[in-house]
Amino acid sequence: MTAWLGPAEWQAVALSLRVSLTATALSLPLGIWIAWLLARRRFPGKQVLNGLVHLPLILPPVVTGYLLLLTFGTQGPVGGPLRDWFGVTLAFRWTGAALAAAIMAFPLMVRAIRLSFEAVDPRLEEAAATLGASRLRVFATVTLPLIAPGIVAGAVLAFAKAMGEFGATITFVANIPGRTQTLPSAIYGFLQVPGGEGPALRLVLVSVAVAMTALLVSEVLAARASRRVAGS
Amino acid sequence: MTAWLGPAEWQAVALSLRVSLTATALSLPLGIWIAWLLARRRFPGKQVLNGLVHLPLILPPVVTGYLLLLTFGTQGPVGGPLRDWFGVTLAFRWTGAALAAAIMAFPLMVRAIRLSFEAVDPRLEEAAATLGASRLRVFATVTLPLIAPGIVAGAVLAFAKAMGEFGATITFVANIPGRTQTLPSAIYGFLQVPGGEGPALRLVLVSVAVAMTALLVSEVLAARASRRVAGS
Amino acid sequence: QDGPTIFAAASLKTALDEIGAEWSAQTGRDVAISYGGSSALARQILQGAPADVFISANVEWMDAVEGSIEGDSRRDLLGNRLVLIAPAGGDAAPVNLVPGVDLAGLLGDEGRMAMAQVDAVPAGLYGRAALDWLGAWDAVAPRVAHADNVRGALAFVALGEAPLGIVYATDAVAEPRVTVLGTFPAESHAPIVYPAGALSDDAQALDFLDYLSGDAAASVFGANGFTVLPRE
Amino acid sequence: MTLEVRLSQRWPGFALDAAFTAPDGVTALFGRSGSGKTTIVNAVAGLLRPQAGRIVLGGDVLLDTRAGRFVPPSARRIGYVFQDGRLFPHMDVAANLLYGRRPRRRDAAFSDVVDLLGIGALLARRPAALSGGEKSRVALGRALLSNPRLLLMDEPLAALDEARKAEILPYLERIRDTARIPILYVSHSVAEIARLATTLVTIEAGRVTGAGPVAAMLADPGAVRFLGVREAGAVLAGRIVAHHPDGLSEVAVSGGSLHLPRIALGVGHGVRLRIAAQDVILSRAAPVGLSALNILPGIVTAIRRGDGPGAMVQLACGGDLLLARITGRSADAMDLREGQPCHAIMKSVAVHPDDVGG
Amino acid sequence: MTLEVRLSQRWPGFALDAAFTAPDGVTALFGRSGSGKTTIVNAVAGLLRPQAGRIVLGGDVLLDTRAGRFVPPSARRIGYVFQDGRLFPHMDVAANLLYGRRPRRRDAAFSDVVDLLGIGALLARRPAALSGGEKSRVALGRALLSNPRLLLMDEPLAALDEARKAEILPYLERIRDTARIPILYVSHSVAEIARLATTLVTIEAGRVTGAGPVAAMLADPGAVRFLGVREAGAVLAGRIVAHHPDGLSEVAVSGGSLHLPRIALGVGHGVRLRIAAQDVILSRAAPVGLSALNILPGIVTAIRRGDGPGAMVQLACGGDLLLARITGRSADAMDLREGQPCHAIMKSVAVHPDDVGG
């Protein structure tokens, strides 16, 4: 297996995993919060927020990547201050790849979680409130466990999307081996040259294997979560 | 406004709408069926089906497009018979673009609908069965209305994704102005030349406007559907 | 990462990977090569990408980053030729690409001419110029299937979806599923030039750039079908 | 149409092994919370596929686990009023009511049921905007309107006030008697059961502990065990012989005649009366000058002393059996013994107006 | 701690305008299905924010729409037993029970409640695997264990069998009397109300039609109107004076003494007795030779003829008021008039064992 993929390719696999996991894990709390806002609250600008969340889905990935580059690049209005004040650079770093993947996957994550929020019976939350539970406790002990299947679904969608994300990532952080070259970027590279199909196919298979494993794990987790609710 | 976009660009807008609407509308029944299979049935190969559905999310779009070309091209194992027996050609046609968009959007659609299926209280379906309703009638009169918010969410996700899909589409059906040139292909073209950012931005704005409108409509529809359930 | 970072047009991958490995072996330094479309790479450079060397697939994008080029390090590194291809194993005869040639006729009633996007991507721009020169553009224009880049055009022909295509000689060389019907006269389009330049005064970067212009590199480029341009 | 049920179902901590036959009329399932009533009803409806069992309705085998036969719920034509309502949240009340109706029209039967249940004003509302009792009324109406050949009712009246119950019970009686649909009826209320049921099946911890005609089951001095002291009582069959101008109806029973508040049935009609054991006072001598109008002479047929201070006395009054619950002290003071003649005193109003069954 | 409630809420087709004060003890809300009971209870819990109103609990203003004050449900410390259960489906029974408890330990109170409700075997189950009655018991336990300063109970016992009710009622009495938590209790059962409640509030179509101490409300001959004929009856206060060896306890009431089945309280304890109007027989002469042990002399204080054949007679027996429902025919035959002496005959067992309240 080690012989089957070259070291650069293993790097790409490792980086893709790191990027996808980071993107999923870090965006999950925000995703839950935004999903909650959209599902449960009324506030001015709600539809704007909703639109913003969906934007990466609507825009061609290259455009999203370019916007990210303009915004979070070291010359950008956010990237500049980030670097100068906090010493954080995103552009051309794996962290930037994670940001791109997170943003591209965000609409999928939010939608799944939001749907689950909407399916929670508010009467159960009311019951928890009458038992003295603060909003936070109600959320943590009633709402959150009940939306667990949605969170799993949202996370796995985001992870899969992050594993496959290419256009925005390569546009934002380029395709630097060992630093920003994810599996899809590596696959792209191979597909750009004669005879690259073989290596590309190998990487595709690795990518599919990783994502399918994540998918299977998620199915088991989701089944467990909903079995808990369904009884016995 | 008409002066603001050239005729070729208007064509791209119209084509993108046609492709996205067709992709969404035609894949919806299949999406509902697959979501139902995954949410409600146990069968051998279920996880394989689940994986297949997610594949377009995981693979770089170019790879998906290439696989589509291999399969549904006129020389492909599906495309050939389609052409010879039914006279249906997908390659280089807007119908092919719709197919590509549908496949790319399919995982999003299926996930949203599946989550909604899982949230339906099976005791209501049981109640309908005791009232003599056939499985089909239970599905049409109880299950389907109850998952309406999920269907709307799935459809709007799919539509948004279809509006933004680029990599698979251009790889499968190329970019033939007036026939297969969708908004993202046009945007991509502009971005390839120095100074093309301006025209690209115009098209991006059009694309965003269209998708946001769809989003707003969907919010209204979903709110209506869930208000029906919540009473009064 | 203690070596230079190279931003290079994706079509150079096979050759550059080999040359980079040789250079690393000689110097004991790593080299990271980020492959992408020339447009994306140039934009990234304009946004402060940490690239030490840029190798563009066309002159325009090199011109766009002119301000970032270190001193007089810019040079025209490679040349390429444009060829007319057809699926291998067909009955297509070699075509004499002289003005007045009826390429549209060769496409038959339905066939498409596969090209990289003619108003955007370098290979497309060259191809369009060549067809213009041949006086064939007006007849062929409505029949062109624009791919997002030259590799997409190659795939359309390789898979038999398009009877004819215009790609770089370097692409056709290694693709057994296509045959070259003819090479466009060099004077039919602007010279196909891959300019290279240093983006920093890093000694290793300059060293690598010089290595690219050396004999060892030349033989690798040559083996991949590129014309090595003499250093003025 | 007879319903035969034999079921086994095991869950961790609970085992059901029940067999009974429900003849025409209303069969009441009576048992404590968690004894397995809903489980049985679910199996009859086809919502639970028990581990073993056989269910036959009017010769039609609905379930036979041995033979691998299982008729799906939708093909059973069994109306089910669920313990937990289960209204369709996305349909208004009218659509809920019509869901099982064929043709789906607001016909006369629809209007009847709507009027009876007092839900005419709710037709355009969705279930979320209904009160608890309103929900159960709609659920009841929905099942009634589905033309079932068997009705399952799992505590259908538990959320209803007495007045509403008093309105609905006669309607259920009408269904029982005119539509001739057998009804399997789960209830904790002996009053409801005594009034409606023809057959009583008692369940304890997943097992059938008794089954038989209601009158005999309730007149059994041992019935106290499962009914509770307050609920024991006899059920008598009678016939209306006169309606008196002061608002009382005279009903002939085998042992004499009783005066009850006006019964809305013609002279000559048969009625069922329930007389709770605790509402009967015994007297050796024929009593005089009491406000109680109903006095039946009888013979003591059984005396059962309980653990407490009470005693259950069974009297034969004509061909019927009466139960009287008195104190042991009184039994001693009156020197009651089997075979002894005795008078049963019942206030006319002690024969509960809504225990007057058609 | 007193609860003052004033509310207005309008929905299409329904208007609630209710005001009442619930003193210490149990206040029963009694009214027909759809009259607005759950709406009131929801507003007290803070789950409904009514269009107008003011709710004050022990001086603490929970709601004042005029002043824009609204205390959220979680800060009200009000335990609510919902009409529809609302158990947390993802938690087992034990976790449900402990949800509102602080500290969240299985302490003595936990064991007490679990034993009382008979749910010890269910602790590890999830709600989906419970029967209807089991669910309501767990819901009851969950509210009881949350240390509330006010308990709201919306038909908490509707799904329970008589035997289970008989076990739970004394416990609720203990809460009422020892924990001194006021309880707002919705029920359709007059027996439950008579036993538990100190105050009765009757609701009709969104309006309070009567409010006052239970004894007075139930002894009002006009109470028939809202209680139904079967449910009218008086509530008497008494004191245990002796436990006799034959299993009877002697209770002194103001007008004499009564013999009841053994009451599990010491001599000297006060008890509340409910005597349903229909369980009382009247006699002009002092009766002899009857199995009924309880005979109280009294004076007729009111006679109210109903529309039907019945008449409601109110007697003063000592300082207490009794109600007797007899037929008009008997009233005529006995020539009953106000001020006339008369004997009330009650079977000892007619004083319902579970109407014996502490």
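Every chain is named by a letter (A, B, C, D and E) in the order it is written, and numbering of its residues begins at 1.
Criterion: a contact is a pair of C-beta atoms (placed from the backbone, for glycine too) under 8 Å apart; a residue touches a chain by one contact, two chains touch by 3 or more.
These figures come from a predicted structure and were not determined experimentally.
Please find the path from chain A to chain E through touching chains that uses the fewest steps, and give that number.
Graph distance in the chain contact network comes out at 1.
Show which chains lie in contact with chain B and also with chain E.
Chains in contact with chain B as well as chain E: A, D.
Taking mean CA positions as centres, which chain lies farthest from chain D?
C
Please flag the chain sitting at the greatest distance from chain B, going by CA centroids.
Of all the other chains, the one whose centre lies farthest from chain B is E.
In angstrom, rounded to a whole number, how far apart do the mean CA points of chain A and chain B lie?
20
Once you find the CA centre of chain D and the CA centre of chain E, what distance in Å lies between them?
So the centroids are 25 Å from each other.
What's the distance between the Cα centroids of chain B and chain C, rounded to whole Å?
About 35 Å, centre to centre.
In angstrom, rounded to a whole number, how far apart do the mean CA points of chain C and chain E lie?
Result: the chain centres lie 90 Å from each other.
At which residue positions does chain B touch at least two other chains?
Counting only residues that touch two or more other chains, chain B contributes 66, 166-167, 188, 191, 232.
In chain D, what residues contact two or more other chains?
11, 84, 125, 129
Going by the touch rule set out above, which residues of chain C reach two or more other chains?
Answer for chain C, listing residues that touch two or more other chains: there are none.
Pairs of chains that touch, anyone?
A-B, A-C, A-E, B-C, B-D, D-E
List the residues on chain A that touch chain E in their complex, please.
123-124, 126-135, 138, 141-142, 145-146, 228-232
Show which residues of chain C lie in contact with chain A when the two form their complex.
1, 5, 7, 10-14, 32-36, 40-41, 43-44, 47-51, 149, 151, 170-171, 173-175
Residue numbers of chain B touching chain C in their complex, please.
Spelled out, the residues of chain B in touch with chain C are 66, 69-70, 73-76, 91-92, 166-167, 170-171, 174-176, 181, 185, 188-194, 196.
Which of the residues in chain D end up touching chain E in this complex?
11, 13, 31-34, 37-39, 83-84, 121-122, 125, 129-134, 137, 154-155, 158-164, 166, 188, 190, 228-231, 244, 246-248, 259, 261-262, 278-279, 281-285, 287, 289-293, 308-310, 324-332, 334, 345, 347-350, 352-354
Which residues of chain D touch chain B in the complex?
Residue list for chain D touching chain B: 45-47, 72-74, 76-80, 82, 84, 86, 88-91, 99-100, 102, 125-129, 142-143, 146.
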